[in-house]
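Pasting the structures in now, so scroll down.
Each of the two complexes below includes chain A, the first together with chain B, the second together with chain C.
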Partner chain A sequence: MSVSVSAAPAVSPAPPAPRLTRRSPYPGWFFTPAAIVYSVLFLAPTFASLYFSLTRWTLFDSEFIGFENFAQFFREPFLIKGLINTVIYAVVTSGLKVVLGLLLAVMLTSQIVARGYLRSVVFFPVLVSTVGVGITFTVLMHPTQGMINETLAMFGIAGPGWLTDPNLALYSVALVDVWKGVGLATVIYIAGLVVIPRDYYEAARIDGATPWQNFWYVTLPLCRPATSTVITLSFIGGLRTFDLIWAMTKGGPGFASDTIASVIYKQYQAGFYGLSTAGNVVLFILIALLVVPLTMILNRKQGHE
Partner chain B sequence: MAGLELKQLLKSYGNVEVIKGIDLTIEHGEFVVFVGPSGCGKSTLLRMIAGLEDITGGELVIGDRVVNAVEPRDRGIAMVFQSYALYPHMTVYDNVGFGLKLARTPKDVRDQKIREAARILQMEHLLDRKPSQLSGGQRQRVAIGRAIVRKPEVFLFDEPLSNLDAALRVDMRMEISRLHNDLGATMIYVTHDQVEAMTLADKIVVLDGGVVQQVGAPIELYQRPANLFVAGFIGSPKMNFVEAGVDKVVGDSVTVSGPDVAGVPVAIPAGRLRPGDRLTLGVRPHDLVVAPSGTIVGRVGLVERLGNETIVNLELPSGASWLAVLEGDQILRRGDSLALDVDPGKALLFDKSGQAVN
Partner chain C sequence: MMKTKTLALLGASTLGMLMTASAVQAQQSGYLTILVDNGPQSIATMEAWADAYTAENPDVTIDIEVRPGGGEGDNIVKTRLATGAMADVFSYNSGSLFQAINPTQNLMPLTDEPFQDSVQDSFKSVVSADGEVYGAPFAPAMGGGILYNIPIYEELGLEVPKTWDEFMANNEAIKQAGKVPVIQTYADTWTSQLFVLSDFFNVLAEEPDFAEKFTANEAKFATTPAALRGFEKLEEVAEADYFNADFGAASYADGVRMVATGEGAHYPMLTFAIGAIAETTPDHLDHVGFFAQPGDSAESNGLTTWMPDSLYVPKNAASPELAKDFVAFVASPEGCAVRNEAVGATGPYMVAGCELPDDVPPAVSDMMPYFQEGGQNAPALEFLSPVKGPALEQILVEVGTGSRSAEDAAALYDEDVRKQAQQLGLEGW
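Up next is the complex of A and B:
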């Protein structure tokens, strides 16, 4: 019996070679709503502000004046003061948030009584309105009738003018900022600390590490990612600060606690729209110049897996 | 160097007892392996010796000191962790020297000890690297190096090879064995891998449910397991078991029969055994041989031909299934009837309570 071989099945065309780039499983138009919102609310104002910073602008009319706004910005002594204050404020607040946040997190991850409750207490100020906090502390820090100075007076200490002393006002506001923001730093640190494997501490314990050595050689280096996050977030937050300063001192006394943001706001209130926009561009460049190298240093690979 | 003595050692978490009164003597210089299934308490026991877990009751003696309340660093021990616990931000050099640094050992002495440990472990070329730049085996070496520099009296290993691939595990096993010979230190090693236990140990401690099931030399545990648990746990593939009754007792030989076995002779002094007693017969897969008139008859199931040996899954009449490891390449077909025999000297009997009948 012969076996007939049927005609070879039609060879289907070879499938196209798979593309090397991985295609997104979602259609391209999915991102359109986000792109529109982002363009209208972020990109357009950014580029518009770049343009308006080069003009004399009255909201209805603008006249191109080149870099005149920037030149004027840097000529004003109180604007320079605002610039310096901004950097001081950012360094002080982020520095204190790192130190206090880490210490609180170490405490709140150890075996202490009422740990959950204490964690809530530390985080609570983060949830409160900044303006509310500002007003409350303004009352508390009143030079004669504030609770802080009254308490100090009970111990025979003459409290300073927290918000009225030009040398102190900025630091007083910074302290309130730290009080309000340290909860977030603590939560970030707690997240960073609980992922450190227990083996490291046990190995160190067998090697005879004291609690301080444990902290210095194990905890501190291994929570570096959390430190980077806290520094970056609080430093940027410090550079942009406005609401707390405005609620507590409005940049005063005089210009003693002005930051760039409050100066820009004052210029804006006074109708110098072009000048205030130039201030915003300066703030943007300042943040970029400080934060980009900072994050590069912080995120440098440290042999972590 | 020092020996250890565990006297009625107890550990409980609340009402849950995990270590239920362990008595054990470990001689100075001995290599002891704690082996058992997951959750048997072997790691907890090791951590109690290390001082990482509190001792609920009993006494732990290292050398000639009771160390129940002594801090880990003062117990004269060093531990190698399953995860290696190498600090990712430190170089190998700093990792190995970390304990010495904490103890404020002078820099030149520290350097000399680190280099000595690196030489012993043949890792001098790795000293400047970070742990992330090392392979699994190299990390393991560093972890051992960190233990060596402390010159401990007792080395503790907590499943140190379980993160390595099979080939590397064999190499590291030999390495640890060599290290034990070279250093002559007391070593306690925890594993769930009975091959590691058999190859490394001077003495194996089999644990189950927080209780010591048997202590003995590897080959003793293999040949003379104390109970059903040890018999089933030690040896690979597992020992075959089947219910059987005593047929007759003649001098130093007992013949047993059951639904799946017909008149299997077992060379055991009869002792208190009487015809009709119910027992469990245990036979290792390697002790079965093909014999046309064999006492164990079944149907061939799955066959694995490995060249040097053939592993046969034998389905017995009662539905139970036995494994037989037959020498050489046996050509067997699924469904064939196969009769096997066992050397009377190698079959084991266990009484109703699971204890071996000797």
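Up next is the complex of A and C:
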């Protein structure tokens, strides 16, 4: 948009030019396709579900019952266990992904043989279907015929019932989740590590830092942005995890590995559509309550650096 | 009607059904879709009926769709009914689960179909709502009790138990002999319910009006000693360590195989498993016997019975006349004969004129006396009350794995059924 600097201010073509620079070159109704898709597929269901969470809904008809569903959902005897399990699961998986992801990333950015190959190996599980992974590990973790326990038996160790022991099932699923998700965390960390300027390491070496001090005082603080990304992503992922748990234990044995998402799904399965919608509203609020402060804390620390 | 359509129409019918909702064209065509659960015997029998039916009506094309069983299956049936995407004919439970799919709104009444004349009233009562009959039986009646391995009983010289104490004594003897007394298969959680559900004859023997009071929110499992016994029985067997080593990870298919081949002695199950044994391990069909779950006294020894699943036609079926004709074919003596041929006899039929073959497997001949003169039987709770909580199977897995006591589990289940009763809008909840 070149504005003419001609010496003839009285000429008419000048006035439209300033208006053109202020306005977007595209008309506003270009947004309508996106707005329609967003409203139909996101806004409408969200508000409809807020309404249906206040009803007793059979899919065929619904009856308004106020906050009864929420009261029922919190009376649900398995819900408290599901809540605790969800938090345990989210903390364990995101914690392990941070630690293992960082260690793998440090290893995979150093000078080792077959680095490119190893990077692909670590990332590969991310590409596999979650349900496929779940079913595979269910077979591997079978208490008597599974490959894991058969291998342990060769060394004379009686392996536990990975998925059938109520005290262990949740952690077994969490470990599989880590196996599957650590590749993504590693990639994020690798990206975070390679942008750390070499000068810091050089300065540290001149000061006589040990490799451990290098890691603790240089690498770790400087890859904080990567850490907060990994924590946020895997924590949210852990809170709403469903597919892996459902594929491996269906929340069992009994209710031992139920999370909020699987409790909600069971209500839906049993035909309590209003109740399960209320559960989803609760899950939405819970994630918001946990993740918004978490992101704020992580981002604030980042600002201090 | 089926004779008139042309082959060209047939080929186009699939497309036509997808493209237009106009029922007129689909009605004329001979294209029928059937949704059936994925149990081995369900698929085998439905395929046999489809083959037999298309042999008689060559212009008809039948597509069989398969769905999962259990809670996932409930979900699919309800969702497809609600969205109007149900197949022309589908199989589903009778009794309390039937009531939960809102039959008056979703299903086509079959009350006045001629084939209903030969269907037993006891069956009609569990597929009726508001005075209309909606279903047609496609399987024999079942018993819930205990399948046992006959060679193990013969080898150890055991008698079929008439009381719970005798049953537990048999279990002890089997364990002493180094064998697995009781098979549990918690990978398929629904199988955990049998000890409680099959005990209902014994509940009714002591509390004849339990079902009515239960529906009216006046009787509870936890506070009715006779009803609590089912939970306690599972607990006793679990505490005595009578289960197979992999009970937490074994599946229904494993359980059926184990009781047939003698890897385990007792498998609490519905008698429809006989069809699965005939399908998967036919060589061992003669090795499996059956008895009702024993109560505490030998005098009142009877069987808890299950009405078979039913075939239904949704209200908006694309080819309703064809669907009704197919259903009538299945619920006829001819249909029973096809079933006998496909998976063998698994129990008494609900249709007059249906005969069992002369050589039935021992598990079936063990069950027949309970249905005949002088035998005692009573329907399972789900046919007397619409109230069944969805979490019973998980609660019982907890009892079986020792993480919850019987009393606690019964109380938890009483809480669980409240939701179902409220969802159904029953009085008194």
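Just so we're on the same page, the second predicted complex is superposed on the first by the 273 of 305 C-alpha atoms of A that agree within 3 Å, B and C clash if a C-alpha of one lies under 4 Å from a C-alpha of the other, contacts with A are read in each partner's own complex, and residues count from 1 in each chain.
Assume a contact is a pair of C-beta atoms (placed from the backbone, for glycine too) under 8 Å apart; a residue touches a chain by one contact, two chains touch by 3 or more.
The shown structure was predicted, so the numbers you read here are calculated from the model rather than taken from an experiment.
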{"item": "Partners on chain A (chain B, chain C) - clash or fit", "value": "fit"}
{"item": "Touched partner set for A:221, first chain B, second chain C, both or neither", "value": "first"}
{"item": "C-alpha centroid angle, chain C to chain B via chain A, nearest 10°", "value": "160"}
{"item": "Partner chain in contact with A:271 - chain B first, chain C second, else both or neither", "value": "second"}
{"item": "Partner chain(s) touched by A:145 [first = chain B, second = chain C, both, neither]", "value": "second"}
{"item": "First (chain B), second (chain C), both or neither touched by A:24", "value": "neither"}
{"item": "Touched chain A residues, chain B compared with chain C", "value": "C"}
{"item": "Contacts of A:111 with chain B and chain C, given as first, second, both or neither", "value": "neither"}
{"item": "Contacts of A:254 with chain B and chain C, given as first, second, both or neither", "value": "second"}
{"item": "Shortest span in Å between Cα atoms of chain B and of chain C, once chain A is used as the common reference", "value": "50"}
{"item": "Set of chain A residues, in rising order, touched by both chain B and chain C", "value": "none"}
{"item": "Residues on chain B engaged by chain A in the complex (per definition of touch)", "value": "50-52, 71-74, 77-79, 81-83, 85, 87-89, 98-99, 102-103, 130-133, 146, 150"}
{"item": "Residues of chain A touching chain C in the complex", "value": "56, 58-60, 63, 72, 75, 77-78, 138, 142-145, 161, 163-166, 250-256, 266, 268-272, 275"}
{"item": "Residues of chain A defined as touching chain B within the complex", "value": "197, 199-200, 202-210, 213, 217-218, 221-222, 224, 302-305"}
{"item": "Contact footprint of chain A on chain C as seen in their complex", "value": "71-72, 74-75, 78-79, 82, 100, 102, 105-106, 186, 189, 245-249, 390-391, 394-395, 397-398, 401, 403-404, 412, 415, 419-420, 422-423, 425"}
